[in-house]
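A, B and C label the chains in the order they appear, each numbered from 1.
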Amino acid sequence: MKKILYVLMALLTTTVAAQSPKAKSGLFALTNATLETVTNGTIANGTLIINKGKIEALGSNVAVPAGAQVIDCKGLRIYPGMIDGGTGIGLLEIGQIPQATDQRETGDVIPQMKALTAINPNSVVIPVTRVSGVTTVITRPEGGLLPGQAALVHMHGYTPDQMFAGFEGVVLNFPNTGKRGFFDRRTEDEIKRDSDKALKQLNEVWDKAIQYHRLDSATRGKGVSYYPELQALLPVVRGEKTLMVEANAAKDIQAALKWLAERKIKKVILTGVAEGWRVAGDIAKANVPVVTGPVIAIPTRDYDRYDQAYANAGVLRKAGVKVALRTLQTENVRNLPYHAGYAAAYGMGKEEALKAITIVPAEIFGVANILGSLEVGKNATLFVCDGDPFETKTQVKHVFIEGWQIPMTSRQTELYDEFLQREPGVSKN
Amino acid sequence: MRNSACWTCLLLALSLSLSAQDDLPPVTRTYAITHVNIVQAPGRKIDMGTVVLKDGVITAVGKGVAIPPEAIVIKADSMYVYAGFIDGLSRTGVIRPKEETNRERPKDPGNPTPERAGITPQVDVRYALNPADKSIEDLRQAGFAISQVVPYGGMLPGSGALILLSGKSADQLVIQTKSALYAELTGASGVYPNTVIGVMAKWRDLYRNAVQSKNYESLYASNRSGLERPVTDRNLEAFYPVIDQKIPVLFKAEKLLEVQRVLTLKNDLKFPLTLAEVKEGWHAIPKIKASGASVFLSLDLPEEMKKDEKKDGKKKDDKPRTAAETEKEQLEKRRAEAISHYTAQAAAFQKAGVRFGFSMLNAKPKDVHANLRRMIAAGLSEDAALAALTTSPAQLLGISDRAGTVDPGKMANLVISDKPFFSEKAKIRYVFVDGAMTKLEIKETKKSDPNAKVEIEGTWNTTTQSPQGTTTGKLVFKKDGSGYTGTASSSMSPDPFPLKDIVLEGNALSFKYTMSFGSRSIDVEISVTVEGDSFKGNTSVGSFGSFPVEGTKNPK
Amino acid sequence: MKKIILLFCLLGALRGQAQDKGTVLIKGGTVLTVTKGTLENTDVLIKDGKITQIAKGIAAPAGTRVIDASGLFVMPGIIDAHSHIALDAINEGTNAITPEVHVADAINPFEVDIYRALAGGCTISHAMHGSANSIGGQCQTIKHRYGVLDGEQLKMEGAARTIKFALGENPTGHGRRDGVQPQTRMGVEFVIRQAFAEGKEYLEAWDKYNKAKLTKGFRGAPPAYSLRLETIADILKGNIIIHCHSYRADEINMLMNVCRDFGIKRVVFQHTNEGFKVAPELAKFGAMASVFADWWAYKLEVYYSTAYNAAILARNGVVTSINSDSPDLIRHLYHEAGKTQKYGNLSDDEALAMITINAAKQLGIESRVGSLEVGKDGDVAIFNGHPLSIYGIPQITLVDGLVRFDREKDPADMRLLVDPKETIDIPTIHKATTHNHENCMQNMEWLLNVKMFGLNR
């Protein structure tokens, strides 16, 4: 009996796999769904119309337009696409193979390096990510003090331009007084020496950037020579571009806030913030938004409570900090809803945790006009699932990115389809 | 890397240069110490008696003892005499082998030579002794007369020897060779066995092989006819006296986990065991007791927390503390508690009725007195402390017939202090080793003036005299609130290292820093007396010893 | 302030509990037995560390501590079939073959990771040697009796002997760096076959010698003793279960062939990312598989992975467990197991079996633990929601009937031993956008470092 079921299941999945793997656009009507708008509550038994890439209408009394492809979502829920505030997708394909990674350029001060340039739209990771409802991610460079610019990209598109979701930020790894992992054997003094040196370097770079800005302003760009590092920092100095400041140790967060305040830098996001719970009040007071994570992580110190990393986002939120989440993952960005689920369970609450992976990051990255909630006029970047998306039991049924209906397959599902009942198998005797 | 090599050279230079000293022989080897309080052994005391020494032997002890006419008389008015102290484990006077820097991994790291793997149990420390090494004098001046010394090396560096801390030649120093087979749970870098699990497996393999080959050798010796010749093996043969229970394995085991691991080996293989340099053994007392192992506790203690650390968080005012302050207070409290466990280790062993001696592998001789006092403050009785310095190690090392008490017939090993040894201000005035006297001058160092006012901010040029030659350096001090920050650089390490624990009291200045070269680091402690724009004092450089240092301030 | 007092209470209580066994009645919970279904509103009685009764309305014997579990979920203590916590040394990776080493010699009962695993309901882990060499060291199944001060007391008494093998990139990478075999998957097979063959000769030589010794007047030299070959001989005799680090289908197949040739039957494949490709072969051999829920892509040999691996293996009849290989994941194996419901729609019992009874089978301890059954050890995890739900949080964890974790009485600082020289304000920031190292490869940092200086781990 069971066996027949599997055969049936296999058949079903085969049919799905036989679909064209291309995304489709057009006019869609998602009917009979529970609409989790995030910004305007829950609409039971609602309809959502997707047209020309946008949410054209949504509500409980929305008529299905003629010619629309109807997707019956009875018993299903619709959420805005999940946004991960920090990943390596597109830059890292196979972590241990240098030729398959493009995340670290050499040089400590290279803010002109753009992640967007090197994001591989054909990464196998992208379909794996999007079929779980994660539609949009920040991809960030890593490395030294100013390793380059992060970009917000959709998990769909054939070129970086098509994937680009409207935000780029300059990454600053604020001088770190913590250890980098079990392999970091630096002494307390050495750590201090390194971070002091980095801070000195940062101050020098910033002073130069300000000089460059003054000269550039005074001469309307004619009195300055080619200086790619400073040219990349210019929009940050002028408050036109966001500085994404990575700081994790409590002391470093405080030092970063002080540094930012002293230099009156306008557009800032604090990222990482692993020990934010220790200084939540300071962050709230500084009124700087935060992208924190991974949530599912071990505490930063042996004497910290075991669940401190899970609880961090909730503590920050309760202190009044604007909090978005990130997985800081590449191949498993698909686990973003579970990171949110842990944050929810350990003090943040479901509603705030959902916001922290939808509307809040959209706001922080300045794209709330098109992303982050189910609202008329916003991009149709959303997913349909059969339950609470934070639960591992829940299956994502459909994904739309900017109105494109995404095929629900990835190499991982394809391998499942091929091998659940392998042919030829093995005779039992 | 180059810098590390420099330090190795420095060390070698040091040990060679000191051997150039030459002393005139003493006029007589007979001494009478009179009017002295004699603590013959813990609990055995003679007030105001006399001790007579002749040719390296104690010949008379007591009141009304006749003083031989040829004796040099030391009027030790109201001083205290004790048996010379005995150290259970150190490398005093042992020449450190030349360290091969940048040692490449061998072709087949899984099968290195025994030497490369740190397996040299056949080495006899006797051949690595330098009687002129300064460490001998340093330890003697701390009151020690005998030390069990071991060679440098890896998991099985060789056999130890009992040496006297005075003598002109290696042979004169040694009172017993092959006193123990010395072992550590130290892996070989980059080759097998590299980790503690490798070392323990190799131990079992070696020991069982030794047992098997020893048995076969006896079989062969009983009747050689028709039997395959046993191949000699210097590594395995070194275990034979252990297998015969004639000498113990002397295992360094500082940490609790090391103690437990060594006991696991002992339980597996049943060898006689002496645990040494135990620092963290209090939780293992029942297990040690049950094993019957002998114990030498380390005389090294973690530094006490500085006063400002202790005070931190405990604000006098009633302001509500921040979470960070509360947390810090808790952490400091746990750290203080941890330190107190180390300090109370000896008392715990005493309470449990385990006989123990002390070992000096890591402790600095100059800290011995203070550390003993810390242990006593933590509950160790003075008698037990004295026993652990004298009678207990004598027994554990099997030399009670010769050493450990002030009794006629014993070796003339004595330590004389101006006050009861364990009292705060006691200073050692004389040490006798094998009848040879060392008189300690109470150093009238240029007294620092606690009320003097000096300004150290600025850049100082320093010169340090070491046997390798003169090293120049630069110190930079900057005012930071009520204290100072600073950096040190030198001709050896142009990159500046940050100074820490800068204390300026009157014109007495002290500070520390850590030089690091790759994964290796050397702690440097400097204390000087400042006079105007110059200072003089001492610098102690890791385990290399301490050297005079002078400095002058650059005019602004 | 209250918290501070609790700290010392719980730490004190933990320290007091050596190898004691507890008696406790867990009342009125939803009992997830794993092997015998789910029992609503049911009591579990543990006496002296063993489960003595599972029924409704058990009266508490006088003096027995009662835990009110109404509204809570009671499941067997979680078992992690692949972990490296509580070890001071993981890899003796200097030689391709090091079966003589045993991680039991490196147990560190003071690692706070043990407590954190308990806080995730995990009561037993398989402390494994690393994967740097083809035949690594012997492993140790430990019970998370956090609070004991001697590694010996963490060992699960009576647990089966196990040993680590490793195939693929890790051992071949080691060979390449050292210029020795193996540098290919061909070499890995040869190195293992060679060790088995030498072990067989050793066994035979000793058998012969021991037999000859029985004859009167025998005089002769014994064969050379080797702890290494002694251990291989024990594998050949079937006394040690092989736990083999493996990823690719071909290498999994290879080891099954080698074992078949030498008559070795007890094999558990670890990681087994491509186990799904040879699931029928694994099932036929009787080999088991212990896998990650979703790890992949951190190296080439896991690029062609699928998170549906566990489901495919299970559906093909392979006894499969989900493991952690990580001090992070060991705290939420219930969540990792939950992912088998997303990737393959496993039932609750099937998913829970992956972190309980199946792991127990792989470690040869299924008669003792892995389900809630009368006669088994009192290792229990109590959750405030279903353990497979993201919102289920472990509340109380018992080992041998003793409460070793209680969320309500849980202070922050649970270190048993404090370093007197510790630096207080230095956090460790784990930061990487990929799962960038396997814990398997710890102690192998020197491989990256040709010039070594003073590294003695």
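Definition applied: a contact is a pair of C-beta atoms (placed from the backbone, for glycine too) under 8 Å apart; a residue touches a chain by one contact, two chains touch by 3 or more.
Everything numeric here is computed off the predicted structure, so don't read it as measured data.
Taking the mean of each chain's C-alpha atoms, the chain whose centre lies closest to the overall C-alpha mean is C. In terms of C-beta pairs in contact, A-C outnumbers the other of A-B and A-C. With centres defined as mean CA coordinates, subunit C is found 42 Å away from subunit B. Put simply, the C-alpha centre of subunit A and that of subunit B have 57 angstrom between them. Rounded to whole angstrom units, the spacing between the C-alpha centres of subunit A and subunit C is 33. In subunit A, the positions touching at least two other chains are 250, 303.
Along subunit C, residues 412-413, 415 each make contact with two or more other chains. Residue positions of subunit B touching 2 or more other chains: 331, 334, 519. Considering their complex, residues 323-324, 331, 334, 497-498, 500, 513-514, 516, 519, 521 of subunit B touch subunit A. Taken together, the subunit C residues at the contact with subunit A in this complex read 112, 115-116, 119, 276-277, 279-281, 283-284, 294-300, 303-308, 311-312, 315, 327-328, 331-332, 335, 338-339, 341-344, 388-391, 393, 410-415, 423, 425-436, 442, 445. Of all residues in subunit C, only 4, 7, 88-98, 100-103, 105-106, 108, 110, 129, 137, 149-152, 178-180, 219-222, 224-228, 412-413, 415, 417-422, 424, 443, 446, 450-457 touch subunit B in the complex they form.
Of all the residues in subunit A, the ones that touch subunit C in their complex are 6, 86-88, 92-97, 103, 124-125, 140, 142, 176-184, 188, 191, 248-251, 272, 274-275, 296-298, 300-308, 328-332, 334-335, 338, 341-342, 344-346, 388, 390-395, 411-413, 415-416, 419-420, 422, 425-426, 428. On the side of subunit B, the complex with subunit C involves touching residues 1, 4, 101-105, 107-111, 186-198, 200-202, 204-205, 208-209, 212, 216, 219, 223, 226-228, 230, 256-257, 260-261, 264, 283-284, 287, 302-303, 327-328, 330-332, 334-335, 337-339, 342, 517-520.
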